[in-house]
Structures are given as structure tokens and as C-alpha cells.
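Below is one structure. I have some questions about it.
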């Protein structure tokens, strides 16, 4: 049994239902998945801006921590910035943590050789490029393509969204030499399949990628006990300090 | 059902039985795995030397091609040099192909941050270092440690083998700042578990890593149709040419 | 007049008084500086752990935003992880933002050629190394040296602290070929001067470095109107959205 | 008091008057600046060619050395190739030395994220690209744009010069994703301000950048005694040898 | 006397005669050169696909080994993928081994600064780009240009071939900033001279480059005894093992 | 006929006689070589310091220019800093120019895989490391080893010199994994052969390397007309300007 929590780290649950349906369609038999967003109340409904990412970080940490107490085997942080990934792995003691950019890029660089990432707006590129390089894929990612749609516009007119992603992908193939496409925002969900058929090359939906990668991480933890190294960067803080600093109460 | 062929690309079957046992212990329920080595007759019994790798390449290609005809979903090339990985992905039309170095390094760089690779002899390092950089992990792999054992010595005295790997790993942790260990030869099998417990950090057996990664690649192919991009580098040769060049007859 | 706010992004004010004294000793004539930590109440007293960094991020963003309303010309985020630097530059509309690692490394790579960073514990290294590479100094920083002191131990026994930093620095010079030292934690304050005299090479206190760099950034903004580019990565979020998401009310 | 010498390392003084005016408009209150070019007599009037750079190097070294005797606190080598920068820092015993490319790039990478450099002719690019990489900014500088004007043409028709720089900058923003512009020749002076207003992003005049950075280096030397490390690369030659080799007499 | 064997590692001898003529026209006086292809019988007639490369590897190794027994001083592996270069250097005990990509890139990076490689089809680029980076020229090679001609089409209509290479080269110069061209397939022979005259910059024929570099390697071996280091990566396999594995019998 | 001028870019001729003997022992039959140093009169007798390099640059340029008028086919700049290499290639219209570091590193990276450079003093390392990276060999050069001998001490006690180089080389092999040694100062001449025999791996004398590489460059110029690209970085300055700037008269 693989119990997974997919966190949409935003203050709206409008994507959760569709996400859950999508993930359930793609899961291993013994996987159960829940999709949550951050608790209601005011807060960012998307993370396009880095100050919005900053605002939701404590809530991510607390939700990750709660997930561990609720016996989840894995959590997924559902944003292509991989917001608070290192901190989430650190606060987890037993759970594994996956995130869209990291998972998609590992998959894409096994399946293809030159990757193009289709993003919502130019604004996203600098931080994403830093992540790409940090993960080791700086030479493989040959371009970022903006489709000039805000995060909440992707699902408004899905045909237009697909049209723009398709066009950007074709440019990436012809001008940048890409042989695989990564959708650089989890809100681009519901589009990869049709575009993939049209292009004839893999188109990686990053939310799905993170979900399947989370299953994989649980599997290798269960079978071989391979999990996040707790020696240096992912070493968890001392429990007493966590308590005394009130990490878990701040909501 | 995930049907996997693990190819020990050497002219001896002495490891096959133990390998199969190990893989069966770690498989998903619906996986079936076969372990084969290259057909009997003269040929390299290990691939420490690059001229040996060269000698077995056609046999790998042919065995991969046959595997596709035998309806395998994935093949694994069981050598940490990832011998003929690109060519095997090219010759495959539907199957996915995994290999130990690529799989271990993707896993290790998700689970830890600074990797040390424990190799049999110094001789292996230059080609492996090239692969490490090619895959994008040049900054994460902080050291290669030789235990000065030939490929066929690893299984001779397993206690001594473990002792040497443990010592090399401890040095990697203390001097090189490693927080995760990769065993850089598939013949180091049967050792990771005990060393992992002793060190308290993940120790990645590269044969197992490739096997689990192969299952994962099959899974994402089955569910999302994400498979090797056939657009550029992995584009298969034209079937008529394959026939006329006698690729499949040369044994 | 250069009005600067130095934020110790932690829930304790024990360093503030000494910091203010140190900064006032080194300031330009027309600079006025305030040193604040995060509001009282529970919260991390140091940021050694990345989950602690995550916890204080919203407070940093809000404090930066308030600083702008209070007409500061610059803020400094007083932690060598440069916590929330990108987000702080984004949320600022007119102010400039400086941070210890970025400032120290720019200075050090102008004054010397091979840098060693003296850190409190090994734990810090992975995230700092990522920052070092991100800023472009991956080839110049030749080593990180841990002195095995927790953040709050640095000021406990200043003689012992200096002894350890001196020893680590000497090793960095002899074994790693460093010709300049950066103190990789703002809590190492009060030590650079004596060690610098002893070693005969520059020893960069990172809090001071950020302070002087902030003055410099204000100066070039005042004279040439050179300030953070608001075109892509540092583009500020729309004001209405900031309001509706309650960014400024969450405390 | 910050006493600065700006050396136009060319055999013509035609820029000196305007430069001095520009620098005086942007200086700190306690700064005094002199602008000199190389002594009259025959010699290169611009350094577009690397053989011209070679020809003026001894004169730069001697002028730097004299500046130290004349009690300057800093010298600036006023060419975007940063001609003889390492040697000038070496020959200086107490002064700090700044140069346009190094200073502009440090500033630009603090204020923006993706830099485009506007150069006079393609000829300049190879050496400048080497410097960019050497300083650590190879990943941040996304393009060099030539405006096809020789060094002495920039000031001939300032409107045309601005027109070309503006056009090249717009291309850099749209096609190359730049969010900050660096003017890659000190002779482009007098243009940054208007272009900056037009583009709405920082446009760094490299001569001014070096001047302000020189003030900053003096400031941190005065306050913290942070100056060029004399341990390895910038170690000064022995005085007797300097004398016996006639370094100071060759004019 | 420099005795060189140029191996066209393909199962057709149609290029051999013209190659020999070309090499003889460019040789040192005391050089003698033979051009061979792989023995007749079925097998790849070109190596565009990596599975074809894999198929011919044992034959390359064996031919290299035989060449040593026939007292050649050097062999050249005549394919721009530098197929089996490492293995060939390993199996050779005294001979030196050269290959087109490595030789051309060393020459080109001494003669020019920014290289463009003109390839037959896009298919070739991924493996070639890996080699370029492996050899250290990742920053110098600014583009790959495909002329969309299959290997055996280059010599069919030499005027059309030249026209396409010329056009691709002009694009490389204008758009990519190249100042030197490398012909990225040995089958582009017979074209460099005319294109070079037309463009006014060096155009490196990679087969010729490998030939001249082989002469050079023989020369420095003869005079200074500088030859492939046999310490680590190029260490030859033990002779008994070579025999017992039947390396030399497999044909 | 290959007419080569080897310039010892220093103001002493004490090495010239021995150099000429060494080069004549290693030359091609049709090569004639002259060895000169800079004209008498005061000036640096070695280039350990970068200000010394700066002082001799105009003399190098003028000597290179004269060499062309004297119909030399190639000049070599005999210093491992490759002083003024770019400028010398620029000022030459027909001659080729070689230099010790560039030549040795190209040779070493063809013959071995991991290079260690044995230098006179630590002082040399920063500039040499910059050159190593500039040439593309940053990943292949695994260490610099100082033998703590000044340039003019190498030839004083040749036995002691060899002893130190041998010891440094052994360390490079054992600790740094080097499989090839480069002697990082032309004044280490007369030592490579014995050390090479002792170590059993190639030891590259950099002066000899430059000489043989110069012959090679002449050869490929004569036969294929491959010579320095004059399009961008090595484009020569206009002759009238050279005259009017008095480049050739300044001595």
C-alpha cells in the first residue's frame, strides 16, 4: 500500500478534484492518493511570484509534517518551482518527498536528450533555470518557452491552451533541437496526451511525473530501504527545538 | 504485467542465478524477470577493459532486438559502464532500456546531495567519470573510490568485499563530504544492505537500481505513453537497412 | 542620507545590539542603520535548518514590505543562506536588498582569487554550495570548512571561536590554495579583524559585507538610478493581488 | 578622502574632460578624481585590437605604480577589456584597482539576472567572453550585441549611437531574455541614462561602474582593511627585482 | 618512416581509393598510408546509427590489433563519432590512435575561437555534442548545422553538397558567431578547399585532420617517446585474457 | 622548409644555447629553428610576475612582427603563461603562433586523460588555471603541484630539480589520479626524459611541445592552408593604424 498526499500549495481547492481524478487514472493498484490545498483563509491562489512562494512555505512545512503523522508514505509539493523541497525533505523523518520539476527532469533526461520546458510566463524562467542547473540538467534543457498564460488561465480555455503549448513545442523542436517536452506548470494538466500524440514525442505533465516518481520512491524505500539521506543537507532538526520554536503551531 | 530482461553482457552465467533471486526479492507483484548472459562460446567474462566492452556490443544489440521480438517490456544492460545504452535505445522500437549507472545516479541525486561511487579498480574511473558528466551529475559526484578488487573477486570473499566497501565509504563520507554511496559495479551485489545499515545512509546497488528503474519506465510508458523519444538521438534505423546490413544475423 | 534596515531573520534580539554597534563603526557618514529581528513570540532563533528558513520567510517578506513603507533605502537579510533574497527583491518596489553570501562573494572575488568559506557545521554546506554556484562563484570557492560550532555557540567563547576559525583558515590556505577567507555565518561577527591580522589576507565578515554592499547599492541607485531590474525575475506582484491574498496581514 | 585616478589607457586625451565631468557628477562627497590618458607621443588611441592592448601594458603598469607614489587610493583602468588588471593589482602594494568589465558585471548580476553586453564590434567579443567566464558570469551573460561602431565613432553622432544601442538592447530583451544591459565599451559614455529611461531596466555604463566600485573598494579597505590578497596571484614582485629589471624606467 | 593505417570502419570500400589519393596529396614525405574498410561480407555501409557503430566495434578492435602486428605506427578510425577511440587506444600497446572529431577540434580550437560543425543530419548531433563536451570544447563549439544529406549522398552530387555546406557555414558565421568551420563527417571529403576559399576562414576536413594529427602523434612518439599513457584509462588488457576471451578470433 | 623562431620572452640569453640544442635534436628534417630572447638592455629576466609579463608584451609583439618580415613560418612564445598569445596571432598576417601551455595541454589531453601540471611556485597557479579553463581543459587538469623553485633555480641543480618534479608527479599520480604530467615552466627543460622513464607515463616538456606543435601548424598550413582564422578575434589591425600608432617603432 502506497499512501500519497499531493499538496497543491495554494489557497484554493479548485484544481483538487480534477487532479485527484487524473492521479487515480494513472496510479499503481496499491496506491491511494489524496489531494489537498492549503487551508482556507486568505493566501496566494497561485505561486507565480516568489513572494507568494515565501508566504506559503510554513504551511507547506506544517502540512508535510502532519502528513507524516497521518502515515502518508510520500508527499508531493505540487508546484513546478519545487517550493520548499529541501526543507520538506528535512522536516520529514520517514516519508519521501517528490516535486514536479525534479521528477519531470529526471524522467525527461532518461527518455530524451534535449529538453524544452513550456512555461506560463517569462517571469517564471529565472528561478526555474536555477533549479534546472541545480539538478544537473543545465546542458540538457535547451530552451524555456513562454505561452503567455497566467496560471489560472490554463484551464479556462483548454483548446487555446493546447494550441499555444503545441505551437511553442513545435518551435522548441525546430529551432532549439528539443526531442522531449516538459510542461513547466502543474496547472497545464489535461493537455499532455493530445499534444504528445500530435507531436509524436513524449510530453511530460509535471504533476503526473511527480506522482509516479513518488510511487517509485516509496517502492524503493519499501524494498531496499533507500530513502533521503539524513546525514547532511536533509538532516532533520532536533525534535525539542522544533517544539520550542513552535514550528508546528504557527498556522 | 511487466516483463523484463536483465542482460549480464558477459560470456559467463555464473552471476545469473543469484541475480535472478535478488531481483525477484525486490520486484513489483506483476513483474516477471529473466536474467541472461551472452551465449556461450568464447568472449569476455567481464567488461573491465573497454576493448571487452567493444567486443560484446553487437551481441548486446542483437539480444536487445531479440528481446523486443520476445515481447519484453524492458531490458537492462547489466554493467556500470552502461555499455551500448544509446545504441540499445535506438534499436528498440517499443521497449524501454535501463542501465545501472544512469539509474543509480538519478536515484542517488534525488535521495542525497553528494555522491561517492565505489569502484573495483582505478582503471574504471575515466570512462565512468565521462558518463557521470554526460548524465549531468558531474557536480554531485564528489569522489570515486577504488577498492582494488577485480570484477570476479567481489563475490569470492564477501566479508572482505564488504569490509573494503565500508572503509572506502567511510572515507568518502569524512573526507569527500558524501551523503550517499553508489556501488559502481553490478558485481558488488549482495553487499549494499549490511553496509547501509552500518553507515546509516543509502547505499545504492546499481543492478537493483536499474531493475527498479526499468519497472518505473515500463509503468510510465503503460500509463502515460512516456517512452524514449524517437525524434533525434534515439531514432531507430530503417528496417530494410537493418536487414540488408545483416545486423540481426551477425552472431 | 542612506537609511538601512538590517533584519536578523530570527526570533531573538540577542545579537541586535552588538550588530548595530559594529555596523555603526563601519558606516558611511550619511548612513543610518537599524537592526531588528523578527517580532517576539515563538519562532526559530537560528536558521541552521531549512525548515526554519521556511518558517520565517513570510515574516521576512512582510518586514521587507514594511521597511519600504518606512522609507528605508535598503534592507539586508542577515543570514548567510541569503534566505528569501529573490522574493525580497521582488516584493520591494524601490528599495534595494542585499544579503551576506552574495555580497561577501562579490567582494571576495574582486579582492582575491580562491575563496574558502568557514561555516558553522557541515549541515550548512549543501544549500550554501548551491548558492555559490548560482551566483557564479563555483570555480572560485575551493572549499567549505566546518568549525563544528552551532550558530549560538560562536559568541559564547569568542577566543575558542577565533581559534577554530584560524585553524580552519590555515588549512584552507595550505591544503586548498585559498587566498581569501569568507566567514559563512553572520554569527561569526567580532572575529574577522584579529584573524585577518594573524593570517595577513582578507577575512570577510559577511554581515559587514552585506551592510557595505547595501550602502553601495543605495549609492548607485541614487546617482545613476541603477536598481533591481523589474522586467522578469524581480518583477513585483500586482498590488491588488498582494492585497487580496492577504500577504501583508498574515503575521 | 578617496583619491582616485581614472586611467584612459590610450594615447589621446580627447575623452578625459568629459569623463572627469561625468565622474564628478556621480562621486561621493569626499572623493576626488583625476582622469589621465597615457603620455603624449605615438601610441594606440584605442584598444580595439589586442596588439594595441599589448603595446600599452607597460605604460599602464608604470602609471599604476606612479599613482601609488602619488598617494592615490585607487586606480581604474578605463577599458572594457580590463587590460592588465591582474598585473596592476600585483604591482600595487596598497592601492585597490578596479576595471569596467569586472565592476559592471558584479553590479549587473546583483541587480538583474540575465545580462546582455552591447559592444562596438564583433572583434571584441572573444576576449570579452573569456573575461566574462573568468569572472564567473558565463551563465548570466546571455548575449553580446555589436552596434558596429568603432570606438571613436561612439561620440561622433551621439543620437545615432543611442539609436543603435537602444535597438540592440531591445533585441537582447526580446530574443535573448536579458533583463539588464551593460555597455561594453567605456567610450559609450553619455548614453546610459536616456536609454535606461526608455527601456525601464538598468543600463550600466561601465566607466561609471568601475568608478563607483573603486570608491566602494576604498571604503571597505578604509573601514575593514579588506584589500587585494597578496598571498598568491596578486603577490607583488620583490622591490629590488623591480628596480634591477628597470620596470619603472622603461617609458 | 611513418606507417599509417586509415580505417574506414564500414563494410564498403567505395571511398577508399579517393581517400588514399587525398591523404597521399597531403602527407609528409616519409609517411606511407593505407586505407582499408572492414572486410567484405554483410555489415553497415555507414555509421549514422549508433547500433551500426555497435555492430562494427569488434571489427575495429581486431583491425587495430592486427595493424599493430603489421607494424603500423598509427591507426585512424575514420568516422566523426570517433567510434571505439578509447578501446582502440587501450588495445594498442605501442601504436598511437587518432580520430576525426578529436583531431579536428584540437586543430580548430588552436586556429580559431568559435567553431561550427556541419553535420549530415540532426540525428548525429546528440552523440557528437557529447564528444565535443568530453574533449573540453563545449564552450567553443557554438553550433551544429545539419545539411540534411545522408552519408552516402555527400559524394553523389558534389556541387550540391558544397552549396549546402557553404550555406550552412555562412549561417554559422552570421548567426552563431563562428570563425572556423569543421566538417562533421569524413564523407564530406573533397569539399573543404573550395568552401575555404569562398569563406576566407579555415574549413577543417575531419579525415585529413585525423591523418595529419596521426603523423604528428607518431612524430612526438618517435622523438620524445610521448605516447598514450598506459596507467589508467588506456591500460591494455592482460595478453592471456585477450587470448582466452578470444578477442582476436571473433570475426 | 619550416622556419621557426622560438622567442624566450625575457631579457637574458642564458637559456638560448641549450634550448636551440634541444630543439635541434627533436626537429623534423626540413625544420630550421632560431632561439632569441629580448634585446639586451634592462628588463625582466623571468616572467613569474604578471607585471613582468606586462612589461615585455610590446617587445613580443614587435619581435613577432619582425619575424614575419624575416619570413619565419612560425613563432613560439616561450613562456607557460602563453604571454600575449592572442595579440601575437592577431599581429601576424601569415605566420602561425604556438605557445607552451596551449600546445602541451592539447597533446596531453590526446595522450592521457587526467593531467597534473608541475609549476615552479604557487604564485603561477591562478593565471595558469585561468588559461587551462580558457583552453577547455578545466575538467582534465586535476592538480597543479608547486616544486617551490624559482624560474632561475631549475637549471642550477638539475638533480635536485628532477628529484622535486619526480616527487610532485608521484603525488599527482597517487592522490590526484593523474595519468600524464605537464611541466608547467619552459625552464624545467632537460628533465622530462629521465622522469618519464622513471614514472612510465608521458611527461610533457612544454617548450618542446610548443616547438613540435608549431611544426605541425606550419605543416597543415602548407598542405591545407589551415591557419589562424582572421575573421573575428585574430583579425589583424589595419596596417595604416599600426603605422600611425607607432607600434613598430616603440622599442
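Read from first to last, the chains carry the letters A, B, C, D, E and F; within each, the first residue is number 1.
Note that in this section a contact is a pair of C-beta atoms (placed from the backbone, for glycine too) under 8 Å apart; a residue touches a chain by one contact, two chains touch by 3 or more.
Small disclaimer: the values here were computed from a predicted structure and weren't measured.
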item	value
Set of chains whose contacts include both chain E and chain B	A, F
Computed distance of Cα centres, chain E from chain D, in Å	44
Distance between the centres, which are taken as Cα means, of chain B and chain A, whole angstrom	28
Cα-centroid distance, chain B relative to chain D, in whole angstrom	53
Sequence positions of chain E contacting 2 or more other chains	113-114, 122, 125-126, 133, 138-139, 177, 179, 232-233
Chain contact graph, described as a line, ring, star, complete graph or other shape	other
All chain pairs that touch each other	A-B, A-C, A-D, A-E, B-C, B-E, B-F, C-D, C-F, D-E, D-F, E-F
Partner chain D, residues of chain A touching it in the complex	122, 125-126, 133, 138
Residues on chain D engaged by chain A in the complex (per definition of touch)	113-114, 139, 177, 179
Of all residues in chain F, those that touch chain E in their complex	25-26, 28, 98, 102, 106-107, 109-114, 135-140, 173, 177, 179-180, 192-193, 196, 200-202, 204-205, 208-209, 212-213, 215-217, 219-220, 223-234
For the chain D and chain F complex, residues of the former touching the latter	11, 41-45, 48-55, 57-58, 60-61, 84, 86-88, 90-91, 122-123, 125-127, 130, 133-134, 232-233, 235-237, 242, 244-247, 249-250
